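Each in structure tokens, the structures are laid out below.
Note that chain A is present in both complexes that follow, paired respectively with chain B and with chain C.
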Partner chain A sequence: MTPARLIARQSLAGLARDRSVLILIAFFAAMVLVTAWLGWSATNTVNAIYADAATYLSASGLPVPPNPVSQSAPLAVLRNLGVYISLIGAFGSIVIGQLLIETDRRAGTLPLIGARPFERRDLALGKMRALVTATGAMMAVAGVISVTTLLTIPSLVVGPGDLLRLALFLVAGWAYVTIFGFLALGAAARMPVTASGLIAATVVWLVVTFVLPELTANVHPTAAINPVSTLANTPDSAFFHLTSRVLGPLSLAEGFAWLSGDLLSFLPDGLAPRGTIPPAVTLPAALILAGLFAARSASKLDLNAGGPDA
Partner chain B sequence: MRLYDRFTTRENLTFFARLSGVTNPVDAVRETLDFLDIAPLADRRVGTFSKGMRQRVGLAQAILHQPEVLFLDEPTSGLDPMGVRQLREIIEKLHARGMTVFMNTHLLSEVARSCTSIGVLAHGKLVFHDSMQAVADKYDERSLEDLYVGVAERAPEVAA
Partner chain C sequence: MPELLPSLSGSVTTIAVRDAREQLRDRFLFWATLALIAAATVSLVTGAIALHGDAATYAAARAQLLALGKDASAIAAPEFYPLKLMRGMIEQIEIMGAVIALVAGYRAAAAERGRQTLALILTRPMPHWAYTLAKIIGGLGLAAVSLAVVFLATAILLPIVSGIWLTMGDVGRLVLTWAAGVLYLSALFTLGFGLSLWAKSPASGLIYAFALWILVVLVSPQIGDTMDPDNQVAGGVFAQLSIPKVEQDRIKAGFAGYESFRNGIEVASVTKHFERFTFAVLGIKDTYTGAALTKVWAEKQGDLLFLFLFSLGLGGLVLLRPINPDRLTKES
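Coming up: the complex of A and B.
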């Protein structure tokens, strides 16, 4: 077993025994279940109303319109999943990234690890591998619940294409949350007080999730988190047109929301992503940059710091 | 003692054995646990241990890969008399195995009981070094404490 793999395995075992991580993952799974239940409930309600209406219309000799459920894409029942991934999933990833450094620093095992014969980059790779696996597990949980929901709702016909789109959505969700995990890991490694790393990554997450969409989506306010069509008149301001164009590619939360809508087939016609660079480019680019930051920071981690004697 | 509290003794030791490149970590851990008489602690979480128990597990972690030289920094710090005695016995066993053990301590009585050589560091320099036997021969009328104080008082000029 390579040192990086060994460190990843040890780190994952540590995460699995950390109560805060378990609570966050359980909460995330619960919210995915809520999404699934809401989708199932809404679909059943529409179906029931449609059945009553269809009976009435038939009895009255009037033409029966098609069932609206069959008119919308089956994946649209999971539309809230994107919101929970960008909120709870991303925050969970931040906590995991920070804990991957904090656990060793608090236990004081960094000097013991540093005294062993392996490269510093193996430590960074091991920690990053653990993060990638943990966030992957989160998305796998979301995937299992989502597929179960889709297969449980009788009126939904789910084809292989839908499952492929769901898989791509989960990959996008994984990339999105892992960006913040990498930032937290890198910041925790770089700062002598690990809590500062958590705060720094959380501030970036808050800016990306709440501040940037305010600047980029104000030409289309209702699309700040959910990619839905305009419900009110938009402020046609030159300033917001400019910020939308300039900051659009950096507004990862909005980019992920747009991508979610596109992949889960509930994006309104004509709703374009912000800026000139599409989210399919900005998200992988951000993931790579965050990964490089985490790798560099974790490679330079002070292995003499921390511990019960510190 | 620096260990993962949420892991058992065996899990802690196996991790560090693997990281040290020990060929057969499972056997190495078992042998070390037996050698230090801590096999009953193998599957208990380290976070539940007393200071003395943690000290012994920490020692196990340090000797897993069978180093030729072992540095112990204030190993008796915070231990009760029973823990001190157990640690002394372990050090004697390690010495009997052929391991060189450097022990950094301010407990001169412990030095007199456990060590074969003594050195005094002052301002980062070795200002005195001799075997315990020679010290006993030369300073038979003086205590080890008197020797230490004498060397320490002369330390600035010796170190210079």
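Coming up: the complex of A and C.
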């Protein structure tokens, strides 16, 4: 067994014993379970409203427009999944990234690890490997629950193409949450004061989720966490066209929301992603950059800084 | 007993003032306030720019109609109320302000546990509740000062971005909103403080507090918002079907059970009560735009009462729960 693999296994065993991580994953799984029901229930309600409205319009001799949700693909019932991945999944990943460094630091085992014949690079790779595995497991849980719930809703017909799109969506979700996990891991490695990594990564996540969408398209914070409202057109003004072009590639939450809409087939017709670089490029690029940050920070980790009383 | 009270109030004041001094010394208050001002400014400025865009679009459409010799009243003029621009800012207080309050609460507990000073304080002849009360008062002061600076900055910025001076009535509405904000942030401070004090380690307490924040501040209102049929279709389902208001109300009445369930999920969150009260006071919600404060008060005092009782209940819980002597240090 390579040293990096050994460290990854030890770190994952530590995570599996941590109650806060288990609670967060259970919370995430519960919300994934609710997602399909939420989508199904809301779609059914709109269909019923449409039927009622169509009766009124016909009776009044007015033209009846097409049902705005009748053309929805089966995967669209999972539209809330992207929101829960970007909220609970991303936060869970931040907590995992922070704990991967913090647990060893608080237990006083970092100096002991330093005394073993490991390269610092092995330590960094081991921790990153543990993070990638843990976030991958979270997405696997989301995948299993999503497929099960999709198959249990009687009115939905799910084909292999839908399952492929769902798999691609989960890969995008994994990349998105892992970015924040890497940031937390790197920040925790650089800042020995308790919970500093957690707070620093949370601040970045808050800015990406709630501030950048306001700057690029005047999307208010509560609209930013609504899967439909967040997919709004850029307001037609020179300011928003400029900010959308400049900040669009950095607005990862909007990029992920756009990808979710595209892969789960609920993207409004003709809605372009913010900026000139598509999210399929910005998301992997951000993942690589965050990974480099985590690798550099963890390989330069001061094994003697911090400790139980820091 | 009577002679104990002045001594107790003295201890409470001493601890609260010491906490405030500490927050000022390490610049946490400064950075927290600056972050909120930055978020509020972004919301106000982007809101104003979007509104100017709407006004320009309206003016162009109106000019086109007039040039064609048609009636310009066919298109609705965008209404302008400066306080409506505060929507994004209020939402930033709901979300970012809540995170700052939780972190402040965590810091108030972690500082004592980390330096082992909590054990030292508890050896003094003062009840545990007096110590926690002092900490909560310190947090309340922190929220009051920080939000006062944010609202002052907003009151200065609003006339600049809107071009309309605020009236005394507007200032009164801002003060009422500030008071509700202080109550809301104090409750979240108390939550962060209590969990960081009780958990095995303060960092675990902060993680639990953040998880609760996601559930109460983000997920619960989000579920309610998502279940709203009007949010299922871009632009709103009724608007897209061109259904008149009277008919909308008739159709909605047929979904009363669904609507009650949806509303029930929303009002389980203290954040939604804060939002409903402040949106009504500031006239952000269309049905309250330009409405007298007496009408708003009559219809929305229940939301403020919920906010007050929630803060009081949470504070009472933290005050009454004994501090576990085995968990006085940072790591137990």
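Please note the rule applied: the second predicted complex is superposed on the first by the 254 of 310 C-alpha atoms of A that agree within 3 Å, B and C clash if a C-alpha of one lies under 4 Å from a C-alpha of the other, contacts with A are read in each partner's own complex, and residues count from 1 in each chain.
The rule is short, and it goes like this: a residue touches a chain if its C-beta (ideal position, glycine included) is under 8 Å from a C-beta of that chain, and two chains touch if they have at least 3 such contacts.
What you see is a predicted model; the values in this text were computed from it and never measured.
Touch criterion met: A:95 reaches chain C, while chain B stays clear of it. Taking chain B and chain C in turn and counting the residues of chain A each one touches, the greater count comes from C. In the superposition on chain A, A:80 contacts chain C only, with no contact to chain B. Of the two partner chains placed around the shared chain by superposition, chain B is the only one that A:6 touches, whereas chain C remains out of contact.
When the shared chain is aligned, no partner comes close enough to touch A:289: not chain B, not chain C.
Chain A residues in contact with chain B (one complex) as well as with chain C (other complex) are 308. Remark: chain B residues 1-7, 11, 15-16, 18-21, 61 touch chain A in the complex.
Those residues of chain A that touch chain C in the complex are listed here as 19-20, 23-24, 27, 31, 34, 38, 41-43, 45-46, 48-50, 52-53, 56-57, 62, 65, 68-69, 80, 83-84, 87-88, 91, 95, 102, 106, 194-195, 198-199, 202-203, 206, 210-211, 214-215, 218, 220-222, 225-229, 231-232, 235-237, 239-240, 268, 308-310.
The part of chain A that touches chain B in the complex is made up of residues 1, 3, 6-7, 10, 13-14, 17-18, 103, 107-109, 111-113, 116-118, 307-308.
Residue ranges on chain C touching chain A, taken from their complex, read 35, 39, 42-43, 46-47, 49-50, 52-53, 56-57, 87-88, 91-92, 94-96, 99, 103, 106, 110, 114, 201-204, 206-208, 210-211, 214-215, 218-219, 221-223, 225-227, 229, 231-234, 237-238, 240-243, 247, 251, 254-255, 258, 330-331.
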